[in-house]
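A quick write-up on the structure given underneath.
As written, the chains take the letters A, B, C, D and E, and residue 1 is the first residue of each chain.
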Amino acid sequence: MTLQHHFPALIIVIFLICAFIMPLLFRWRSTLCAPALLLVHLLALAMAVALLVRLYAGGPFYYHLGNWAPPWGIELKIDFLRVYMVLILVGLGLWIFVYALKDLAHELKREVTGWYYALYALLIGSMSGMALTNDMFNLFVFMEICGIASCAIISIKESRECLEASFKYLILSAMGTGCYLMAIAMIYMVTGQLNFQLIREALPAAAGLYPNNLLVATALIIVAFGTKAALFPLHVWLPDAHASAPSPSSAVLSGLVIKIYAFSLFNILFFVFPASFRQAVPINEIVLWLATLGILFGSIFAMVQEDLKKMLAYSSIAQIGYVFMGIGLNQPTALLGGFYHILNHALMKGMLFMVAGVIIQATGRRRVKDLNGIGHVLPLVMIAFTVGGFSMIGIPGTGGLISKWYLAEGALLANRLFFVIVIVLSSLLNAVYYLPIIINAFLNPYEGREPVKPVSRLMVGAITAGMIAVIFFGVYPKPVIVFLKAALAAVIGM
Amino acid sequence: MNEAAASAVPVFAFLFPILMTPVIMFAGRRSGRLRNALALATTVVTFLAVISLYPRIIGGEVIQFTFFEILPELHISFRVDLLSFCLAALSAFIWVLCTIYSIDYMAREHAGSRYYPVLIFTLGACLGIFMAGDFFTLFIFFELMSLIAYILVIHEETPAALKAGYKYLIMTIIGGLALFFGIIITFELGGTVSLSGGPLVQETSLLAFLAFISFLIGFGMKAGIFPLHVWLPDAHPVAPSPASALLSGIMLKTGAYGLLRVIFHVFSVELVKSGGWDKIMGVIAVITILLGSAVALTQDDIKRRLAYSSIGQMGYILLGMSILNENTLIGDIFHIFTHAMIKSTLFLAAGAIIWKTGKRLISEMPGIGRQMPFTLGCFSLAALAMIGIPPLNGFLSKWTLGLGALEAGMPFYVLILLVSSLLNALYYLPIIVPAFFGGLESDHEHGFDIKEATPRMLVPVAILALGTLIFGLLPSNIPFDLSRLTASYLLRGGPF
Amino acid sequence: MTEALNVMLLLFLIVCAVCVARIRDMLSAVILFASFGLIMAIIWQQLSAPDVAMVEAAIGTGVTTLLLVAAISKTRRTE
Amino acid sequence: METLKNLAHNYYYLVAVVLFVIGMHTMLTHSNLIKKVIAMNIMDTSVFLLFVAIGYIRGGQAPIMRDIGDGFYINPLPGALILTGIVVGVSVTAYALSLVVKIYRYYGTVDADEIVEIRSREQ
Amino acid sequence: MEDQITRLTSRLVVPFIQVYGIYIILHGHLSPGGGFSGGAIFGASLVLMALAFNLSAGVKQISHQSASLMESGGALGYALVGLIALLWGGNYLANRAASFPLGRAGELFSGGAIPVITVFVGMKVASTMVTLFYNLIEGEAKVGDPEKPGA
């Protein structure tokens, strides 16, 4: 067996090892921390690419931790969609981390940066684990790690708002994981299995015997992942948490963390529950309608926000709605749109939070009203903001349009015209709150006595890279789309 | 010329301005003169490139070119046929004139290094719309042009301009989303959005109707038809005059062009008629004509009056589309030419007046014709053409439209045309008559003090005004012939 | 007999949980919670899961209670 | 009636669910942060109870390796899962408590309502 | 807490608790218990010391530094044992497949990698307990996240 065979486990493990080493390393040679984490990211990225190559050569495969086969052991499953998620996680994780290198010096005390790196590695590692695992309980463990790490990555700033937001997040996410654990118990009760595939095989028989159990479990799962991913009525923790966190944390939380929960929900709905079960119980309908409400209300709430980061956070609620809409429509093309939006939104929201971070660092302003004329002092950054905003609205040439295109097409193919209208309407709502910021930033004069602090080139470089990526995925989305199409076709048949 | 080189010309035509934009932007930092020269050269080269297609297009060739596949089944592609050529040539021509005009006009304005790149980029985007080979490409360039034009609208950065610009932007985005909606439904129904095949939608259905309505909203938003015109009277007047000329003269036509494409390529004439959708367009057209003309009467600001007049004129074009027989179609396309020329003349002339005297209000203008006889002369010629006085080209287009309406058995529409001509007369004559004959007492001392604008501003105005005269006098002029060819091309699904 | 004992223990669990929720003195709540954990440990022993019982007794009851007491000593005792 | 009989038969499950609900209700409705943490623990523990009850078979032997003759082991997997669960739970608890202590340092209270009040007064 | 009885009792009890904790850790693969419970018991003994005397006495037994060192070390050891399995040809965390010597069932030195892992887990859990408690009880707690759940 070649080393390549172990890459799925290694991707997760090197992040965890890195997380444990980090506090020690920080004490010993604090300058080595950042390069070490960068190296780990690059390694993981290389491994993910190698996995992709292997997938093309040999198709999906499984990895058994400790050589224990499924009924007892933990199984990792490697297929195209999962590797796609891992690539996004690690790639964008690397990108955000590059930005964080300089931003943290401004936002955090120096002595906690080692902890921050550790948490960051833990977060990315646990998310990769969530993406790859094929085991209900293992998913729970990674969810808890991810939950604690994401709370900690907020509270590390130690301001009052952060602590409070972090606590709120912690409680709700504990509720979420509690519900999920209960759901696992319910499913385990009737099937005696924890592995996705084995549950799927055992479910039809169990569904006949204990339908109520499964119904409850389904409801609990939706609540659990809905809470974690800020599905509409369960989103209350998100605005505070994402707005008060340090900017790189906001970027990674809004960009990656909520997506991975949506992805896990997708995995469970499509790989654990058999299709017949999904038809019998309107799970997809529920998700779809909640997503719709989220899309509309997220945008409406975002409009009335005064704080820039809070506005972006509410916008995330709306945008995660698109991903859930893709899942809810239960239609391959819509799913394709949803998955493409995972990448897209991670890119643009990450970039927007970075922009917010730069603005706050350079001018100390974070209220939407105070951003007048900021385009004159931070031109490149505000151009990036413009591109991000355009992508949110869905202007041609940006990635946002492509994901909306597929979502809308999927809705039409599923004969759900209403949701096309929702997509169009929400784009308009996005326009209503993104455009004034852009206009005011460029056309009003900059008023301010205090000088604009210089911003590190690395940060601006990261933002520029994001901007280019957003445009690239808007102008030439074909490779990703073709990839996703093939992946989804392999998974659910397109 | 081999095949690749043949298709390269249209691509060059719209890509060249876009590529020149950064060059002009950087040149603008060095020297203003270099920038202006580059901008002018770009428009001229573009115009020549477009014109060079004439022999092939007139020979019935359809030039197609596919760039790359942006998504499966969705391409960035280009396709030049007669209709594309008409509009592309027209816009390139007017752009050249407006750029010449801008050189002096913009010398007084600020932020010239922003204006020229945007101007040139808009040309590229505009040509991109006209030469798009499928609706997706069209949509991309449409949005691109609309968004970039925002910078032209708010160029003066006054609060009024910003407010109008915001309205424009929001309406543009609504229009863009409606287009998106329409295109995606079309894609779903037809499986492709390419213009090169036959009609994409074969039968009426709720979805098809929705697609039609959203196309009507999307393109109608740009064309300024009722009730989506609200942004237009605010946005056009606040822009610098050459930009207003382009906004009113060319960019409104992109909406009309899009609607023509929708009628002939997405649906078909029979489908539109069997669905009764032509009635909808007819009703909207009538309201648009009357409303635009009537409201124009009440405006005192000359550019606002012109803007409302544009709304009325776009109503004619929509009216032609609602009848859809050969004569109305000829009138329709010819009116696109006509209106582009007339409205550009009017805006440029009005711009010259404002530039020279600072007067915007019609009530301040009595006697101005004696100060600026040449400008006002051109203005009057264009205004008379707009009213439809023979032998100017406005008459020809209205005549053809009326003829078509009578052929289709709709004398009511002819009545509407007459009424609106009357209204046109009512709001244009009160500008012209006092300008030449009024204000004798108050402006006595300036009476014969001729203060014309610079030649570089007058020449474009003169050329355009001459165009209104020539193309009306000769019934077999180039635009009219082109219109005839295009109409038969569209109606028969092939050239001639 | 054991069945009855189990039922009693379970009832006691519920009582404890409700009391924890209702009682306003935080320290008492913590102590009640500790007893809740201990009863739980006994139940698990009854259910033939000795290792879980052991962990619950050590971690769930011992350490958690310790941490809670420490937290309360740092903050406020009454609700 | 059938349902009631089922419930009576599976009283462990019933109790687990009741505890889960009590825990969740307390967690979401009480404003005292420490009580929220305790409630969170109750909730977790109730799920563990359910897990153990699932694995339990009357008369089975604890899964410890020894000679048990004709007897049978009960399923050891839930136990292993719960161990992990308990440890995860205690870490969350500890982290939450440290947050509570820090919040107390800033606001002088551990009551969510009072904190909201303080913040709104400041604005 | 300056109470003689508490002090005396804890002084008496603590060694036994610690031995018991170590016993549970070491017999993790044979009898109920293991790294988690043993570690918790061991950690609790240290906490008990700190409680009964005062913080400084506790810190004397195991300092902040060494606690966090052990914490990282424990988790790291766990991960590395998994990696060693990889080197010997098994999957990650493999035991038999990685040809760890399994010994005879029921003896102390058996079970291949399991006892090693258990020891590491015990180390990690015990030190985590201590760190957590210190963080919570100290006046000005060390900033940052005090807890990372183990592997």
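Everything below uses one rule, namely that contacts are C-beta pairs under 8 Å (C-beta built on N, C-alpha and C of every residue); 3 or more make two chains touch, one makes a residue touch a chain.
Keep in mind the model is a prediction, meaning the values are calculated, not measured.
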Could you run down the chains that neighbour chain B and chain D together?
-> A
Which neighbours do chain B and chain C have in common?
-> none
More contacts between chains, C-E or A-D = A-D
Identity of the chain that, by mean CA position, is farthest from chain E | B
Of all chains shown, smallest offset between own Cα centre and global Cα centre goes to A
Where the centre means the average of the CA atoms, what chain is farthest from chain C?
-> B
Could you tell me the distance, in whole angstrom, between the mean C-alpha positions of chain B and chain E?
-> 79
If you average the CA atoms of chain A and of chain E, how far apart do the two points sit, in angstrom?
-> 34
Note: chain E sits from chain D at a C-alpha centroid distance in Å of 23
Pull out every residue in chain C that's touching 2 or more other chains.
-> 50-51, 55, 59, 63, 67, 70-71, 74
Touching two or more other chains, which residues of chain D qualify?
-> 23, 62, 64, 78, 83, 86-88, 91, 94-95, 97-98, 100-102
Send over the residues of chain A in touch with two or more other chains.
-> 144-145, 148, 152, 155, 158
Checked against the stated definition, the touching pairs are A-B, A-D, A-E, C-D, C-E, D-E
Touching chain C in the complex, chain E uses residues 24, 32-34, 36-37, 40-41, 43-44, 47, 51, 129, 132-133, 136-137
So, in the complex, the side of chain A touching chain B is made of residues 393-397, 401-402, 404-405, 408-409, 412-413, 417, 420-421, 424, 427-428, 431-432, 435-436, 439, 443, 475-478, 481-482, 485
Residues on chain D engaged by chain A in the complex (per definition of touch) | 13, 16, 20, 23-24, 27-28, 33, 36, 40, 43-44, 47, 50-51, 54, 75, 77-78, 81, 84-85, 88, 91-92, 95-96, 99-100, 102-103, 106-107, 115
Which positions of chain E touch chain A when the two form their complex?
-> 68-69, 72-73, 75-76, 79-80, 82-83, 85-86, 89-98, 143-145, 147-149, 151
Spell out the residues on chain A that touch chain D in their complex, using ranges where they run on.
-> 72, 137, 140-141, 144-145, 147-148, 151-152, 155, 158, 160, 163-164, 166-167, 170-171, 174-175, 178, 181-182, 185, 188-189, 192, 194
